[in-house]
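What follows is a set of structures to go through.
Paired with chain B in one complex and with chain C in the other, chain A is shared by the two complexes that follow.
Up next is the complex of A and B:
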């Protein structure tokens, strides 16, 4: 493959903006834990502006930009073809970066302390919502390029199996399009008209229902690049093979199909949706645990193959033989550990009758930091370390320093999130600047609060070291060849359902109508009293 | 298409685990009647004071003819009103709350007394067996409602039923 087909410029431009803003958001996280533990003076506007910025940058900007850059990279290298429509791709980058900067200006100047979940009828400066909209519109251009690219390849290679890395990337693009429709409808038809003063009131029940449409599957949009790395890069880097290519495709499809129509587990405690709809979404939420358990099996099984190929013997003897010196393999090990703990916590949150005990407590914050920081971001880091030599043409200056950084991230994330789980069970609410509650049980929170600060400090150190590791040159010249993991039985042909998305698009469309049709329509079928806009 | 036999076994096992969770949760909901607040009941948040149920004079604890309690509260930035309620332990409670302004959350730690409070809607929680332990507990707002969110809380005192 010639260098011309390398998407280096596009991939690097997306990932650099993602990682620089990630470091800023990590610093904001440290500010928040310091204020929450009352080690610095309380500043309400600063705290909630910081929570908004931290959440929006981590959840929307880091993810969307990284996933786009990673997508261009995996598409070009796995299909071995040039990214088409470069102009559209760069326009997408401009919209995403421009939108992020616009939103950041209003968040960081204290004009948008409404949190990244928007929470109408609280209303921020309209520029914040317009920035967020541009980010999403820019990401749709990435979706378009990915889908067109897969179509062009299939046309040029009729009957051939789409490489697993591209299959995962393209199905993630499709997932994101479906996912983002909910919040796009909410922001464009409800929030921006309200913020501009075109309408006087907002139907909060409808807005929250639409947001829940996006709020759960967005997690799988974040997670899929981590899974793509675990399935297609890690087995090879560890010195082995992937157990099953077909099962990986089935897991991706299950994540997308089960993951979309289940947002109501975020609305369990909301009074405007009836019991039956919540139970329906709960069933899907539990089913989506299946592809995650499959992934756990396949990834650990592939690592075992690697360990045995390298001479490991006995029930557990293979573990020490896996090539953990590769940062992406070490990241995979940490990710599986934290995904396991976070996943079990998630099953508790998703439990229709148990959620009440932990809803909106610090437990939830602990849960999603384990999934997001502990599984998604650590795999982004591992993936970045793996692909950096091939996009920059230079090896990493020090693999040891990359491993140190990952160890710090793992230790910091555990130190931060395990005490948060404990605090949540002790009743501590999430999203509070500090705890001015004059009751004795606040006293029992302090040990966990100080551990949280320690965890936050370690994480910031790790985040800065991560950016440093990528930025510092000095490694020897690297090969620009990219190799993806091969399956034990590499598929030679596949049914259309495992090689394309038409069937799944139809199934998703029907399931979304079933899951959200009546719950959305009900707001026109009963008299609702919509509140006016409120400042924060 | 190739699927490893061990992997096939694991897919069945994983599916059985997920289905077991679903069955247990549906059983708890249907047979034991454990549901989160889902009453889908609208109200005009801007004129709660004109509604009979949430008018200022009617807030607080009401004893019902069957011996159970009805508690009516209003959430507004930054407090729950009445700010201190007193209820006997082991007495069924029908709890209703509405907001005058923005979103709030309501939670009494260690109990099932929790709900989101959404503008335009009434939230209802039924504690079939009431509170189990006595003492004074804080009732926190647990949903971000504005820059004073962390100051929003009130108290419930649970007394011995005999007294």
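Up next is the complex of A and C:
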């Protein structure tokens, strides 16, 4: 591949903004745990503004910008072609960065303390919602470029197998488009009119239903680049092969098809959806365990191949033979460990009955930090370390420092989140600045809360070290070539269903209509009543 | 190691992976049952 086809500028522009804001959001996280542990004065507005900023930056800005930048990189390098429509791609970047800055102004000045979930009737300054909308619109331009790029490649290479890295990137673009429709409809038709004062009331049930459309599959949008790295980079970096290319494609497809129509497991305790719909979504949620287990099997199997090729013997002897000195391989090991713990937590959340034990407690915060901060972010870090020499033309200055940073992230994340699971089982609520009740009971939480602060401090140290490692440069000149893992049996031809998305788009459309059609339509079919004054 | 040996190693059933997955599945099932019977049911109905 010539340097002209390298998307270095686009990739770096997206990823640098993502990582710089990530470090800021990590600092806000430390502020929040310090306040929750009452080690600094309680300041409600500061806390809720910080929770909103931390969540929005981590969940929307870091992810969307990293995924776009990483997507341009994997698309160009795996297809070995130049990113088309560069002007559109850069316009997308401008909208994403501009929208993020606009939203940040209102979050950081206390005018948008509505949490990153936009939960009405909490209402922020309209500028916050406009900023978020620009971010999403900008990301849709990335979706467009990815789909066009895959189409152009398929047209130029009829009958050829789309490289796995591109297949994963393009299906993630498709997933994001479907995922973001729910929140886009909510924000444009309900929340912005409310924030502008064009309407006096808002149907909270409808808003939460539409947000639940987005709220769960967004996790798979975050997760797919981690999976792409696990499937297409880690086996290569570990010195092995991918155990099965087809298995990876099936896992991507199942994750997208099963992962979209399941958002009601966030609404188990909400009254406006009937139990039958919740159970339907619960079944879908449980089905996601299948692609997750396939991924676990495929990635661990690929590492086993790498370990055995390096002389590993016996049932588990290959584990110590895997080349853990490669940062992306070490990140994969940590990611899989945290995915197993976080995945189990998700199993409890998704079980309709068991959810009542942990609903809206700190358990949930522990769960999603293990999945997002653990599995997703540590793989973003590993992926960045792997591709950085290729995009910058210089090796990392120190692989040892990169490994230290990943160890700190793993230790910090476990120290932060495992006590949260324990606190959640004791009933500690999440998203509260302080707990001014049952003093003796609350005091029993202190050990766990101090551990939480320690974990937060380690994570901030790791986040700063991560940005430092990428920024410092100084390594020797690096090859700009990038190699993706080959499968043990590399496919030479595949059915259209494993090489394109037409069939899956139709299945997704039908399943979304089934899962959300009536639950959304009912808000226009049921009588509604004016609010009743408190005390009556 | 010769390429034939490599091919044989790569095509061998991933026994270690099956073992890891089985152990994880067993632990997850046991913990789920503990949560259901040991925590959820033992706490009784919501008052």
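A few remarks follow.
Just so we're on the same page, the second predicted complex is superposed on the first by the 526 of 536 C-alpha atoms of A that agree within 3 Å, B and C clash if a C-alpha of one lies under 4 Å from a C-alpha of the other, contacts with A are read in each partner's own complex, and residues count from 1 in each chain.
Everything below uses one rule, namely that a contact is a pair of C-beta atoms (placed from the backbone, for glycine too) under 8 Å apart; a residue touches a chain by one contact, two chains touch by 3 or more.
Here the structure is a predicted model, which is why all the values come from computation and not from measurement.
In the superposition on chain A, A:279 contacts chain B only, with no contact to chain C. Once chain A of one complex is fitted onto chain A of the other, the partner contacts of A:348 are limited to chain C, with no touch recorded for chain B. Put chain B and chain C next to each other and count what each touches on chain A; the higher total goes to B.
Shared-chain residue A:16: touches no atom of chain B or chain C. By the touch criterion defined above, A:90 lies against neither chain B nor chain C after alignment on the C-alpha atoms of chain A.
In the superposed model, A:271 makes contact with chain B only, not with chain C. Once chain A of one complex is fitted onto chain A of the other, the partner contacts of A:300 are limited to chain C, with no touch recorded for chain B.
In the superposed pair of complexes, A:324 makes contact with neither chain B nor chain C. Touch criterion met: A:356 reaches chain B and chain C at once. Within the superposed three-chain model, A:315 lies in touch with chain C and out of touch with chain B [touch as defined at top]. Chain A residues 243, 293, 297, 301, 347, 351, 353, 356-357, 488 lie at the interface with chain B in one structure and with chain C in the other. Within the complex, the chain B residues that touch chain A are 1-4, 6-7, 10-11, 14-15, 17-19, 21-22, 25-26, 28-29, 32, 34-46, 101-103, 105, 107, 109-110, 112, 114-116, 118-124, 136-138, 140-151, 153. Only residues 1, 6, 9-12, 14-17, 19-21, 24, 28, 31-32, 35-36, 39-40, 43, 46 of chain C touch chain A when the two sit together in their complex. Contact residues on chain A toward chain C in their complex (touch as defined above): 240-241, 243, 293, 296-297, 300-301, 304-305, 307-309, 314-316, 318-319, 340, 343-344, 347-348, 351, 353-354, 356-357, 425, 488. For chain A in complex with chain B, the touching residues are 44-45, 48, 51, 113, 115, 119, 121-122, 203-205, 208, 243-244, 246-247, 268-275, 278-279, 282-283, 286-287, 289-290, 293-294, 297-298, 301, 347, 351-353, 355-357, 359-361, 426-427, 429-437, 439, 441, 488-489, 491, 494-495, 498, 522, 526-532, 534-536.
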